[in-house]
Amino acid sequence: MTIYAFAAALFTLGIAGMALLPNLLRKLLAMNVMQVAVIVFFVSLAFKDGATVPILGQGGAPRAAEFMNPLPHTLMLTAIVVSVSTTGLALGLLVRIRSRFRTLNEQRLLDRLR
Amino acid sequence: MGTAPPGRPPAPGTPRVRRLLGAAAFPALFVGLVVGMTQLPEFGDPASPASTHLSPRFIEDAAAETGAANMVTAVLADYRGYDTLGEAAVIFAAGLGCLVILAAAGARPDPPGAGMSHPFGSVVLDAATRILVPVVLLFAVYVLIHGHVSPGGGFQGGVLFGSGLIMMRLVWGPAHEGRAHQPAVPAFGPGLRGSLVLACAGILAYVGIGLAAMAFGGEFLNYGTLPLGGDPAHVRELATLGIEAAVFLTVAGTVAVLFDTISIGMRESGAPLPPGDGDSA
Amino acid sequence: MRDVLPGLLVALPLLGAALVPLLAALSRRTTRVPALALHAAILAAALGLFGSVAAAGPIRYAVGGWPGPWGIELWFDGLSTLIAVLVAGIACFAAFAQTFGPGRDEAAPASTPLREGLLRGALLLLVGGLLGIVATRDVFNLFVFLEISSLAAYTLVASGGGRATVAAFRYLLAGTAAGSLYLFGVGFLYALTGTLNMDDLAARLPSVEADAALTVAVVLIAVGLSIKAALFPLHGWLPDTYVYSPTPTAGFIAAVMAKVSAYALLRLLGEVLAGTAAGAVVLDITLWLGVAGVVAGGILAVAQRAITRMLAWSSISAMGMILIGVGMGSALAITGALFHMAAHALAKGCLFFGAGGIRASRRGDDVEGWAGLGARAPWTLAALTVAALSMIGIPPTAGFFSKYYLLSASITTGGPAGIAAFAAIILSSLLATVYFLRVLEAVWFRTPGDAPDASGDSAGRQPVPVLPRPLAVPVVALAVLVLLTGIFARPFERHVLPDWESGTARITAEAP
Amino acid sequence: MTEIVSLRPLLAVGAGLAAVLPILLSGRRPALREVWTFAAGAVQLGAAVSMLPAAFAGAAHVSPALPLLPGMPLQFRADPLGLLFLTLSSILWLATSSYSLGYLRSLGLKHQTGYFAAFAAAVAAAAGVALAANLLTFLICYEVLTLATWPLVVHKRTAGVLGSGRSYLAYTMIAGQLLLGAVVWAGVLAPGAPFTPGGFLAGTASDGALRVLFVLLLVGVGAKAAVFPLHGWLPAAMVAPTPVSALLHAVAVVKAGAFGVLRLTGWVFGPDLMHDLGLALPLAALAAGTILMASLRALGEDHFKRRLAYSTVSQLSYIVLGGAIGTPLALAGAAFHIAAHGFLKITLFFCAGSVYAATGREHISELGGLGRAMPFTFAAFGVGALGMAGVPLLPGFISKWNLALGALDDHQVWVVALLVVSGLLNLAYFLPVLRVAVFEPGDGRRVREPSAWLVAPPVFAALAAVVLGVAPDAGARFWFLAESAARSVAAHAPEFLTGGLP
């Protein structure tokens, strides 16, 4: 439960940061925090008391109780890639915005666009 | 952060309305999430739906069905191989995007000596890189191939490979110029255009394997139908390796593309911003 | 064909998205032929599926040969194939405009074969993402393709340069927040049921006894998708994105992007989550927000001077209309919502291609700049007129019929919600009348003012065409489709609805 | 009623529509363009006439149903009332077309191609309104009519004219949207919403709901019919060229609105339901108020065409009044008034247009001396004016007589008084026109009758009006059509046509 609440707190912080921080780069970092929160949440769903990493070692036929749930890990590999990709593209956009408008402050940027 | 220099108004902060709204909305979000979470299965509960519904098959049958000892790899590349194709497409999309946004007029070669080598320009750095890079690149390939039986796989390997490429670029400058200023360094690794080609080739290989399965009468990405000989699990294992290699190519290529394009953009973006821009809350 | 087309439909766009940039990078020559051929092939696959589903019923397709819930399944019924045809069809027009259209918008950097190839690849990727969303039967897979389409869309929007970059960044923040909210919701669902397959979810959800957790899940998913669908008041990203995009992009994303998210919302809320208590409440809220969006979008559209911005606000109004239909949830309402998706996609695509083209040929973006254009380019302006009339809902254009269905549905729904929906739809038509007839009046009945013609033809130079021919073709074709869709509305409806009713009867029982 | 499935109704509606594109395409060749117009008019008239014998025999041509919406097909039916309106509009379209030729040429107006194209579309839409077999079809044609007449109204394209066009659209589009809502509602209450003699809504919803629906429908059709207080656009729309005004008033927009009210009262709600809901009397009172108010406004109006416009507002409320009373004779009188007013009002507008074309004068006070200079024109005007007032042997008399009798059937004595007063008011505002034209001296400038294109149509229309007044059941048998329409609505009324004319 604690880890769930931790994920919730991270998520809230992240999304609040996206909305409230005045600097676009900081918004982007907050966005990353938000994405990580979801990853934490998913991965914690995979945890199983008394089980080990989902990689088959030596020995007989595997039993479900022995291993962690591999599905959330798989999903989160994908989610991490999504997060990385979004961040990469967003950085690209920020570089462009910075060189074109000479500011990363949201309000200044909007004023300049007016 | 620091105060703005005199004569320059401080950067504006967030509008008050939004701050007030946020002060109400975000605590509500947090409370709502936590209230919902209290009803979720306990952390680590072996009897939770997540642990009992789908995962037993993945755990118990994956090795027999797909030939992968690493169940994550089995799910990633086989049961949910379509997701992984999507994942490759996502990162490829980011690469495309940065190319479009930043390297607008195509991969313009940098002027000689425009790399980041000179600021560092130390013999130690150069020597360390020479030793490290081959190891990193080799380890990347190992991580790719060994993904079947241990943590690893195409994405992880690709990122490692890509960081190897980045390391070279950081120390010796962009790969696509003649490196006339440092002839001792062997020209190795793809340039920007080459990285793009790598990324494209990865996606093409992935989709190609999927379509090949269709050509032999299976569903899209149903590797079991590929005529590679051996029992189905073995065929699937081979094909999965192909998939992982495709992801590897895409990721490695895209990581290099992202680095190159952003560094091109940074070089063009000129003077640093005034201090404190946007920092005042 | 039936067992090959589903795979082709999702594979071809991704194949093309890699192939076209690859060719561009290797050959340094134009890539227009392969790009257009790919778009045509995708459309052919979509049409083939549409026909096949109409003739022989829905198709379930297990990607990788793994049946659900272990593998990822695709699901094609009348509903999803209709949206797929819309996406693939309008993508063809967008590709056409992208290929032959005006070389560049004002702020965009110079074009090279490589850059063109990259943009074509991004469009194919966007199509692939959207088709993936439409096809999938897996809630996580939906997230992946949502992100593919989003990233490709950010790229295409930002390719306009200048302000478009800022619009793209804000779109990216909103879109990523939307994706994360959705994914968080999916996490809740997974924790509660252990599955990601939509059919499996729908079967297992009724036995879940955690109402609060389920409510959180439904709300997270609904909010996430509503942001992407630009449901009022979560529409903030939309106007700038539509206005500053390059014309081919604007035409495409204004036509289908938000609609595909609305489709996902319909699938999940109306079908998968309809059995939950929270699902019904959220549908009600959707309805009321739809009403608010219809009114607010219409009023703000009236307030705009720039035509593209007016069109963007009118899109928010139209999305509200679609979500009213989704929220009411009766078979009639779903028909209306679907119809409005189709009608609005065709008409808005037409209008954005046209308005963007006219803006690009430097005739300005305000009503004054359009004065007297009807006499100079009667055919294209007549086509735009048809699209505008469809937006207002004048018979026999497609927009009239969608409005008719939605009005009927709101009467049969009854109660305060029904009355509000009824009034909002009527009001939105009136507002649309105000803002579109203002333009039509200028186009057909006014002569250009004293302001010097920016195109310079008054100075005796070569007159600039009102709308470059590459854009006129999609504009006219889409207008014809608007008319045909209207006249053949009934057969469409007969095709789409039975699947919804027989395959997934859950929703019709839930009518509030 | 026997129904004959045939394509003739489609032909009648489609003729004008099919002519739009050829007209637009032959913009550079005026002669060819006009051939298209007249050909379409002839086809429409031919189709209308070819359907008359069936109507005389108690049958009706019905087009195949094109499914548009669930249970709501697009369908046309040539019932007596529709046929009456269709025949009238076909005849008057031909007359107006030839008049337009002379008018546009003598004034050298621009945009003639768009004018004729919009004209054809408007007439086709009016034909569709006439023959619509259900509310959906009616609505579609009605909306098309609104848009098709917009270019005609703003033909002159000046800022003021565009403003008037906006006011026209404001009224008609708002009304159109309300009508849409009402049609959808009716379609939900009674699937298909087919026009049924005697109405189809009885018992489908609570009284209150039906009353609201009635108001919505009435506002929807009433705006075009210029029922008070929705008449504001009509005088403003007088900025249109005169043939357009003639068409608007005699055939297309306003008349379509009045026709719609009649359909609403007789074929959607039905007299019985209207009485049961207590709607008949308020509607009659509204009509009476409109008649008096408009007549008084006409008295004070010096602008020639605007006076005619107010006269239209007043006259069309006779039709609304007949629909509201709902007795057989009143309905027959109202239906017949569609034709009577059509011929008379088009005569009057043609005359006003001829005066403008010949002299450029638009106000009644400037007409001095013209009576002698333009004898044919003012003779025709005299016929029209007297007919409007209800002088015997002219068609207006037949409508009013039957209206009065029908009102007496319903014990509404006040209607008779109203008709008398209104007739006197008619005389009071039309006779001064003749007085000024005939007895007051001119300003000395020489004035001659305009070209034959402009003289022949009003004379023809006046003669037709005389024929209609003397022998209302000859030829196209307008009286018969009106009577059978009324009979179908009130089939049960035993006292039908006691003492009716002729």
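We just call them A, B, C and D in the order they show up, numbering each chain from 1.
One rule holds in what follows: a residue touches a chain if its C-beta (ideal position, glycine included) is under 8 Å from a C-beta of that chain, and two chains touch if they have at least 3 such contacts.
Note that the coordinates shown come from a computational prediction; the quantities given were computed from them, not determined experimentally.
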item	value
Of A-C and B-C, pair with higher C-beta contact tally	B-C
Mean-CA-position distance for chain C and chain A (Å)	28
Chain A-chain D separation of Cα centroids, rounded to whole Å	70
Euclidean distance of C-alpha centroids - chain B vs chain D, Å	73
Multi-chain contact residues (two or more partners), chain B	33, 37-38, 40, 48, 50-52, 54-55, 58, 80, 83, 86-87, 90, 93-94, 97, 101
Interface hub residues of chain A, defined as touching at least two other chains	11, 15, 24, 45, 72, 75, 78, 82, 85-86, 89, 93, 96
Contacts with two or more other chains, residues of chain C listed in rising order	140, 144, 147, 151, 154-155, 158, 161, 165, 184, 190-191
Interchain contacts, given as pairs of chains that touch	A-B, A-C, B-C, C-D
Chain D-facing residues of chain C, complex	389, 393-396, 400-401, 403-405, 407-408, 411-412, 422, 426, 429-430, 433, 437, 441, 444-447, 487, 489-490, 493
List of chain B residues in touch with chain C within their complex	32-33, 35-41, 48-55, 57-58, 78-83, 85-87, 89-90, 92-94, 96-97, 99-101, 104-107, 193, 196-197, 199-204, 207-208, 210-211, 214, 218-225
Residues of chain B touching chain A in the complex	11-15, 18-19, 22, 26-27, 29-30, 33-34, 37-38, 40, 42-46, 48, 50-52, 54-56, 58-60, 62-63, 69-72, 74-76, 80, 83-84, 86-87, 90-91, 93-95, 97-98, 101-102, 149-151, 153, 155, 251, 258, 261-262, 265-266, 268-270, 273, 277-281
In the complex with chain C, residue positions of chain D that touch it	67-70, 139-140, 143-144, 147, 151, 154, 157, 162, 165-166, 169, 173-174, 177-178, 180-181, 184-185, 187-188
Contacting residues of chain C [partner chain A, same complex]	140, 143-144, 147, 151, 154-155, 158, 161-163, 165-166, 168-169, 172-173, 176-177, 179-180, 183-184, 187, 190-191
